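Mind having a look at this structure? Questions to follow.
Chains here go by letter, A, B and C, matching the order in which they are written, and residues are numbered from 1 within each.
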Amino acid sequence: MKKKLAVFMASLMLALSLTACGGSSAESSSQAGAASQASSAASSEGTAETTGGIKRGGVLVTSRVGVTPLNPIKYIAMQGDKIIEGLFFDSLVNINENMEVEPFLAESWTISDDGLTIDMKLKEGVHYFDGTEMTAETVKYCWDWYLDPNTAANFYTLISDVTSVDVVDDYTIRFNFSQPNAGFIETLSYQAGYVLSPASIDKYKETGDEEVFAREGGTGAFILTENVDGVSVTAEKNPNYHVMGEDGQPLPYLDGVRVNIIGDEAVAASNLMSGDLDMIDVVTQPAVVTQLQAAEGIDVRINAPREIFFLYMNMEQEPFDDPLVRQAMCYAVNREELNQVVSMGEGIQTPWVTLPTQWYYTDGEIIEYNPEKAKELLAEAGYPDGVDVELHYGTFGVLQQECELVQAQAAEAGFNISLVGMDGATLKSTWALQNPDAPAGMRIQNNIVPKSDPYTQMEYVFGENAIQNCSRWIDPEYQELLLQVKQTFDHDEAQVLLDRMQEIGLEQMPIVVLQAGPRRSALADHTMGVYFDCDASMNFRAAWLNK
Amino acid sequence: MATQIVKKLLSIIPLVLIISIIMFALINMLPGDAALALLGDSGTLEQVEQMREELGLNDSMPAQYWNWLKGVLQGDLGDSMFTGQPVIDRITERMPVTFELILLSVVFATIIGVPLGIVCAVKRNHMSDYILSAVSMVGVAMPAFWVGMLLIILFSTKLHLLPASGYVPFFEDPLGNLKTMVLPVFATGIALTATIVRQTRSAMLDVLGQDYMMTAKSKGVKYRVQLFRHALKNALIPVITAISMQIAGMIGGSVVIETVFLLPGMGKSMVDAIFQRDYPIVMGEALVIAVFIILLNTLVDVIYIFIDPRISHSGKRK
Amino acid sequence: MKDILIQVKNLSTAFREEGRVTQILYDVNFNIYKGEVLGIVGESGSGKSVTSKTLMRLIPEPPAQILGGEVLFEGDPNQNVLKYTENQMCSFRGEKVAMIFQEPMTSLNPVLTCGYQISEALLLHQKITKAEAKRRAIHMLKMVGIQSPESRYNCYPHELSGGMRQRVMIAMALCCSPELLIADEPTTALDPTIQAQILELIGDLQKKNGMTVMYITHDLGVVAETCQRAIVMYAGRIMEVAKVTDLFRSPAHPYTEGLMKAMPKLHEKCDRLYNIEGNVPNFAQMPQGCAFHDRCPDCMEICKTQQPQLVEIGEEHQVRCWKAQQAAGCAQGV
């Protein structure tokens, strides 16, 4: 328990210092206060300062870098597509800025000793857009649909341990499991945790209308009014929202939100500067960041989530089937330089795919850049004159810059890297574990916010069925431990297993971690109250426009 | 002449069929599996298989193509694999935008380009010719997105005169529509204007050097009349050809302008669909574009018949 | 004295191209008399075409440049065509002087009907209605021997043969009854049978209207057939002027002699056609002295260094040649 408290305090301090570093003012702390009940004293000071100033009304216009399916069961990227949560769908729980689970639509829960049942108490007075109330019955209806294999929800594998959902009383439901799942609650902060109205589910079954949930079946602060595929999403306020604002009236403060899909950061930047946008969801390009930092009336800030960059190495083919070569690659990158150049010095180092703010983080050695050692290892592996490899990357964000830098750094170490860029969909399906024709070499990945429960996170990168297990690393002991972690509720016990897993991973080196870069957004000075939580959703319920 | 046009229009069918087969083959050659692209982050092999079944990806190529074709013949272009939106809806949403962009750009470029081209030809080797020719060379060289960004910086960011992005349908708000289209049309139109200036100039010079111009002069025809009644009509023929070829290119090129100015047009939709491996959208939009271009060529041929009497009504040039 | 229609005095023209000035016509002097049929003969590059076009100022100025001289209409010093304004030129062309060109295939505007092109000429110079212009145009078409002129009126040039197009051109040129018709190689591009028809047509019209005709040609046969007087040009200069009968019977200039010899004759058999040795000089590199001396079989010393003048050696017979002048005893400037 002590350890947990210490970790909690440490992460709290870290989180606070990060927000301070980001240059944000009292506004950023007020968001947490408005949104969640479990927020600490630190944020309530901020609340007091801004209560008097909140203005209602207006439509906030934000950009979003890619298209997001509006149907929650059809998300493409679990975290990338969470803007719909910020608008239309509340989840049962949230992950706050400190990477902790917070109740939301689920007020409290108890887990049975054997881990095979979870009883969950739902918040009362929550209504779906179509007017019906959220009760245990409606949630059961929704979960019956989720659990039906014919629904083919994209998150099905995450909830496949649930055998059934029962109604205990009007506002209490019971999840029954075939085996314990320690990360289940955290999973409910993602798409599986959205509650959809029965009527909308019926409509969807009948008509296949992908927008029906966002229009009629959600419980969020905003309701979908118009979706122009690939171009924009327009939403208006939900007048019956269940969370109260600081002025005693229900949230949201805004009349509406409009999301413009803008794939090009430079275009988004010029729209922000001309006033056509109130904020940009993500800015990564150093050039654009610098431009916006210098611009008047615009604030670039770093959010709590972080993006971990790492390299997959295809272990089924040469040269990375040889552990010596993989180790050599570890020494062939200059992590500090990557941080300085690509993250503009605002990144941090982590030894594995976890962040220091997470409870299951284990510290470890950050390997220094040592091209000599890398060359030695390569020679030992049978490549005395160096080795030619390909590095694949997606042509978005800062991946290209990161890869170009890695290419230069690794050249010194005997790796002759050729870069191959492609779009996200191609990259994903080319490198998918299920693709037998995957290329040899490396692929860079940007893991936007590690997931808050260790099983889901490690399964995402190393699972034996994971599309994203691009290194194709399936170690029997690791897989065994992973399954155990899934069923271990006690964090200390789980930590032991995770430490061993990290040990195995660092020994066998299926990936090379590069850095944990910042996630930045750019906001106009008048845009207040937008909240980025650590399950990667951008929340507008407490947002308001100071103009 | 009517039979001529009908024959041309009928040729759409085999042409479009061939194009659709080529498009289908090309799309399937792209690496990347639509099923893998659409699934979330993890999936067992069974789930991938299931997705493939659903999407019809397990059928053979010819079978998949035939399924699509069957649908088309019944008037059903299918639904987007990505969002479920019916392809026909997507097309009716996007076509008018691209169409308006192209139409306005052509009108803009022609209104400015043809007179300037005539000036260049008439004032050949004078200062004005050199200046205009140099400026049009620069115009051709400037990439449209760069011009677009510059215009945004000037007119939206600095001067706040025009919106940086967005689109308002014309029938909703004509003034708003024009405001959103001014910068995109200008950015697209500049390169086209430059091309038209150069084409007009060279066509006019060619015509002005013809014997019949001297005949006209020898009759005592005034210079201005020589230019406009005797020369221009002849010069327009190659210019119209050049414009129509440019239009075909503009449909693909519109994606750049649509990206910069956030216009919900067909070009961008097509490119996005290709990235997302959204086969029905790609096939449907390719079909529409192919038909459009063929109609355009037919229209141009008809215009030729009207302008150039040497192209007789049977379509053969004497 | 016959009435002068056009008097060309000391006409010198040059071409200016990329900074270089090349002289084309050297001090050309001649008269065109009313009602006559005059021929200007010479090889390509002799300057004959330039001369005729200069009379109507059809060559754009630049690149053409008039170095000096006058073209006096009806000999009137106040009517110097070279000094006319553009407006004056527009009423001069087509009305007072008209021209028909060498290439009927390309000399008519392909996108305008034949009838329109004739009507246009009429409407430019006469105050009549469009309907009247059409009527007259159709009449002209009939006059030049085109069958069914009413339907031909609406035809485009590409629908007619070369010979018919030339007839249309003639109709176009003559519809306003000009005083001078300049025919620049009107038959060169036509079949021999059609050639004869066209020449006949022009001859008929000339006799009917008393029009003056100036033929530009390199074909001595045409000259013999149609012209009363002829001017021989070489290298931008007039070499000989004579009545056609005199020219053929007793050519004075060695160049003219050469031309006569070079003509193939039907009743003579020969193995090789005669041709004048050498080439027409490049205008940029004119030889000193007589322009023809390096090709002349009768070249004398003086020819190499001194240019002869154009001197009258007989009745209406002028020649620019030392030998000829000496033979006639009136060499000037020795």
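Assume a residue touches a chain if its C-beta (ideal position, glycine included) is under 8 Å from a C-beta of that chain, and two chains touch if they have at least 3 such contacts.
As the structure is a prediction and not an experimental result, all values here were calculated from the model.
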item: Central chain (by mean CA position); value: B
item: Chain pair bearing the highest count of C-beta contacts; value: A-B
item: Euclidean distance of C-alpha centroids - subunit A vs subunit B, Å; value: 40
item: Separation of mean Cα positions, subunit C and subunit A [Å, integer]; value: 91
item: Between subunit B and subunit C, centroid-to-centroid distance (C-alpha), Å; value: 53
item: Set of subunit A residues in contact with two or more other chains; value: none
item: For subunit B, residues contacting two or more additional chains; value: none
item: Residue numbers on subunit B that touch subunit C, as the complex places them; value: 210-212, 214-223, 229-230, 233-234, 307-310, 318
item: Subunit A-facing residues of subunit B, complex; value: 30-45, 47-48, 50-51, 54, 80, 82-85, 90, 93, 149, 152-153, 156-157, 160, 163-166, 259-260, 262, 264, 268-269, 272, 275-277
item: Subunit C - residues contacting subunit B, complex; value: 56, 58, 86, 89-95, 98-99, 101, 103, 106-112, 120-121, 124-125, 156, 158-159, 169, 172-173
item: Complex contact set, residues of subunit A against subunit B; value: 67, 69-71, 74-78, 152, 154-158, 208-210, 228-232, 260-264, 266-267, 270-271, 273-276, 422-426, 428-430, 432, 434-435, 459-460, 463, 465-468
